[in-house]
């Protein structure tokens, strides 16, 4: 029987300039939808898992379009709520060579940010589910969103789900009057798999560490329920050429994945979410070390696909893990 | 020497689905910029007048792109202010046949709506200007915008400019705690040319009249500075086929323009703004009756052009007034 | 609780030339998916009903894409089976003015045509369902498809579902060795709502009648379980301009709907399927006469939308029935 | 055996704005190739005749692209000469509704205008040919082009070919120092089928007539070799809606064709050339009156097709002549 | 006088997703036409040779479009036959980085596969020809196609033409009941230039060899008429980055070409066909070693051009052979 | 207060094939406008300077569109003159990998080339200006253009402006009867910053030097007013991969900038103009060595942007100079 994963978070309309056009040049935008958590659900649905995303959309045609987008990818949209409000947006300009890519967010005050979620029956949402995933973006949006996230976490823990959280600290968010240290530790306390780099440890867990392993040990002291901590290391040679490697601490040791050269990046947005989706799939089906390789390979493939979402199958990821068919022409 | 016209108001990014696609179908959006007042400035710039638009944009690439759009059309953008905030947006789905067109606004809380305008030197803005144009959308956005509009109106009157105002009552706006009757009458008191239909008279001037002429007489009593009142009458046979006629009261009599059949409408958004721009140009250069014909013909031509703006010349409008070249192939 | 409708039939990839380009000119094709029965399911899903489509697709990325398309529109795709084989295709060239539109079919030997359907648990498919819809295209494709259709019909009747069938006789199909009179009457015997014009009566029921009412009476004699017979009348003034009217016989009398002028047709493919979907919705929710008006108005709106599917809501159809908002700009 | 037709004339690259965009708005142009005479050849090739076009192109990739375009349509390109020089261009803006379409020519000094044609072996060009077609554009371009046209006409007459000439007077051309009355009469003297309206008679034959029939009689006096004179009458209700009717004088009487309403014109450029191609085909295969109907119907269908060329078959034209399939959906 | 080359084989419509979109994402497809043998003809036509392609197309607008495509490129299409049936298709998804490209074939049962070719007058087809080229795809399609290929080979040998054959073994074909070893050896017996890698030798000539040179020697024993054997070696670093080198055995020795780095591949489909066209041109005009360099350079340039066909000139290939203008901007 | 720079020169419409299509394949062209000098003005306007471009355009919609393009980028267009004539054009085919890019010019006889400029009040043009920039393209176009350039140079020197000149020798120009050595030395005599490589020294200054430094010394002898000489060195590994380094001689020493790898070039046209704009900005604001680094980094960024113009800000250039944000994703 398929594993089932639940994700929670806001979904934005993404408006990107075509090709390598700058914002100043664009007379059309490409339209897709994405959000850190929904991107994970979409990727898991491509892997064949049952994935449901919980969110709120405005009750207008844009909310419908966002829902249709998620449905198309195979995500269960029966836990989407329609509210007064607006759809969050972000504008993306693809860089090239030495020129950086740029994102302009216009996501404040979205229907999700104003969503209390009182009508959600978490018991029903989590029925039959194996895993719940959240990110640090949700509690950074508004008090309501932080409360909603906490409610979900408590329910998931009660149901005995495995919980992963991508700390994902972003300074530009957190504008509703609270700082991450006031909010995040309580949420992390309900979480078993943490995605965090050194600045996330510092900003959201008040842990200053000399390196990743040290940070893991400190985090384990403060948050003893944590089972895994993971992060990716990306080097940007240019906007088109990055390297990527994942690391996974399983409470015992730190594994480091193969380092991939990505020399013709099509779209790097959502690369981290693809990694997490890969890791969730991997931890549900493989030993730790292979799970990490699966996660990193999944993230690499994401960089070859336009849009936020990682539209690849388990077989495609595993082929890359094994080094098969790399860049071939499959007939 | 060219006449000079100043306009004030918010400008939005317009995101429209291509062709006749519904919001649910669109994977790209066409991007232009528009706003009721800026559309007037753009049209007047095509007519060869000096047109300057006063507004505030977010100090990011989207604000720059909006500015570049206005500059491209020939509008003077030296009175645009860059502020923290967001750019207002609207989404447009073009109807066809019996299916109506739809607009979804996402314009609240824009940089302009939060703009106090204290740094504006109105004396300098209005230097050498002949005309100032505003609409009822501005005071409907926020208290700050209403205050800004009033300040502009007072300065324009002090400078002796002719002032036109498009009442343009929209129920969905006016969400900042005041109603139109608390705000609009004071603004109208500084205005000489009014664009208003019966519902505008009622909602913004508290005038219930049995017909347009009656409303004009009532308005003249309450607002004796008014010189002209105008409106258009549109009938929608289908989304592609409308008829249009303008009416102009000049304090003495009501002129009615030619009625045009518009049987293959390309884009009706901005049709009213094109009418007003035509009327301003007409009143500055022609006798009243011809001014009205010019205004109506200008508006008709707008319906043949994609985007908010009426990119036609004075010669093109006058050719239509005279019935020359209608639908021909000019080599 | 929502009504639930099940449809059965092949779904093709539709490749259409852009704008008014001829096949000889096209360097790109627009890609959507459609089929007479799936189009009904898609339309009903837009109306808010639970709609599930039963079909077989090739187990490759094209089959996945077709599934994703149906999912996106809200159709339940859990009864889609993946088989060896190919996806049926059709190529569409949009006419204009006096120039006719053209369809080139390439649908033979599709995965669905070769699908025995033995693995289908019809009991489960029809669980909780109110209505089953089929068309004469399915039994025309292959012996297997005809057998599958019969199996579905028997199961639907056992479950007590209302059954509608669009006779839809097409001479170019029926190439597997049997003629419609050998196959269709048995299928019609399990059907309560028939869509048929005079040539359908003749070719599929062996009924030669002098007019529609006469044909209805004859059909009722031969197929006493029939409750409703319906058809549409279309006149083609040009490729862009048609008129449309529906007729419905309810066993007692023939209702005729409003006749609509469609003067700027965007896409007429699927107009008949939109009518049937409208009628199914109408008969499930409204009195007969209103059901017919709903069906015809739904079909009219379809002609304004690119693609096979009628992406309109119940509210939009009812607005047209009432004559509201026709061709307006809704803000 | 197929009839064979030779045409002579310059071919331009056509750069048109997409959809209904004005020149000021376009960020892309559609690219096709066309010229009054080549358009005739292309249309005749679609009708299944052997059609060869004689011209000169610049010996660069643009000349190659123009050649490839003609080859693609089935025109024999073995008599195209490659020279130093530039390719003529024209820019097209499609009007809509009351807004006229506009063409900006940039065709002077093309490779063809500077082409002496001394290397042409007219005997070989006309081998096996039945018909030669020229237009008044060629002698208007340059002295060399006028000389080339005369040489071709003499050779065609020697070979006994039927010759048609579209007088097509355009004031903007004729800039090389001679006027039409100095050049055209000699060319017309070698021509048997003349396309001319009243202003053509006046400007190119010095015939002022009170009506078309009168002009035909006068022309016959001055140019006794003339066998047919023809013209079309177009009324422009709007840029999208024209009417069209053809007239043909065969030395005995004037036939007038059916008058067609063209209510959704896609592209009217080349409509006259399509008419002439239809007339050539018609006179080669049908009685005079049917030839005229064929010509007019062919021209009507051209208006439904983007580009200069009339990509329709004989069957499609004859269907329209008979009123079959008008605006239908052919499966 | 130009050399003349005849090719024989099926031509498919190619439908490719735009940019780097996956099949799941595409709402448009790019349309071109291609086939292993026709691609050779197209390339040779660009090189200025007389190239004619023999095939059968369905007698519908898709067959016409395929013909027009070949004509456009300069290929002689007078030996194309129009039959009942369908046009073969293939769908292409372009990979990027580590993600492989994918082709989904839908080519069975095409008009060509069902074409007996009895009406072909091979004597006329081969009149004045110097070379005939076939591939192992044709005999793999159907018994009729295999018979047709054999008939062509016999006629070509009788006429004394040089014959090349690309063995091109593909396991997915060969579904009509015969295996390659039953069919290919007889065809190879009429062939002088063989394109084959080790698996081709094994599957189609029953030759298991330890390396290419060994295979050549074995092949020469079994097929003494063979004069040249060639192959390319491609390494896929990524979908965008391959290396390419050609090898040519001329009965005496094996030449190896320059190895090219292709770091930004635009489209690798047809790279092998471009190589063969280059080799045919080379062997007809240059010494063996230079012919090989020409072939490899031609193939490299193909990878920079979208579509199946290698639209480059002899001068462009020779410039690359000499290392001139590599990646420059030519003004 | 902003520095102000004046540029003089012709502006062409640029028509480029989409993606990597060859001229033979393109059915659409991308349209922008550019010219060596105007590109400098556009880049300086992005840097926030006051930049005005002096030129002449045809008085038609194409001239208007070119003007609108310049205005959009922020360039002052009040010194553009509208004349009879044509707009110069160039066609661009983007290369890839080993395949070179190609430009076909069609710029002769443009409105600018025929523009005497007698109506220009140079005193007014240069009022408040700090810098004047010209290139060797202008005097190469026509005698009138050469005269105009000289007049501008004299006026600029009288006003005390800093003057830069890009020698930019192109053999294909210079067709009006004079050679560069008859014209350029006099113009150079009014110029303080020279952009020149060895072939420019030779062809335009009659200086044969063994290396750049030697050439600088020689030039200083002949043209003692020269203060700076600069050039770039580009190596083309492929059409996508170049390296770039700038050199600047300041009368004392030669600085060499960082060498940049540009591995995914989007558009190299205008790279030299971007360098010059960067150098002008740099020399106006920074020490010499930093000015050179700024210039080179600016040019590198240009290669990442489609179109002729370098749409980057001072901050973006300085970030690259410092190595910040290279190829990152800026949120």
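So that you can tell them apart, the chains are marked A, B, C, D, E and F in the order they are listed, and the count of residues begins at 1 in each.
The criterion applied here is as follows: a residue touches a chain if its C-beta (ideal position, glycine included) is under 8 Å from a C-beta of that chain, and two chains touch if they have at least 3 such contacts.
Since we're looking at a predicted model, the values are computed, not measured.
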| item | value |
| --- | --- |
| Shared chain contacts [chain C and chain D, defined touch] | B, E |
| Minimum number of chain-to-chain touching steps separating chain B from chain E | 2 |
| Between the pairs A-C and B-D, the one where more C-beta pairs touch | B-D |
| Reference interface C-D: repeating pair among B-F, B-D or A-B with over half of contacts shared | B-D |
| Intercentroid distance (Cα basis), chain E paired with chain C, Å | 44 |
| Approximate Å spacing (C-alpha centroids) for the pair chain C, chain F | 62 |
| Shared-contact residues (touching 2 or more other chains) in chain F | 22, 24, 27, 68, 102, 264 |
| Category of the chain touch graph - line, ring, star, complete, other | other |
| In contact (per the touch rule at the top): chain pairs | A-B, A-C, A-E, A-F, B-C, B-D, B-F, C-D, C-E, D-E, D-F, E-F |
| Of all residues in chain B, those that touch chain A in their complex | 15, 18, 22-24, 26-32, 60-62, 64-65, 68, 86-87, 89, 91, 93, 102, 104, 106, 108-109 |
| Residues on chain D engaged by chain B in the complex (per definition of touch) | 19-22, 24-25, 95-103, 105, 170, 172, 236-242, 264, 268-269 |
| Residues of chain E touching chain D in the complex | 68-69, 71-74 |
| Contact footprint of chain B on chain C as seen in their complex | 260, 262-266, 300-301, 303-307, 311-312, 316, 319-320, 325-331 |
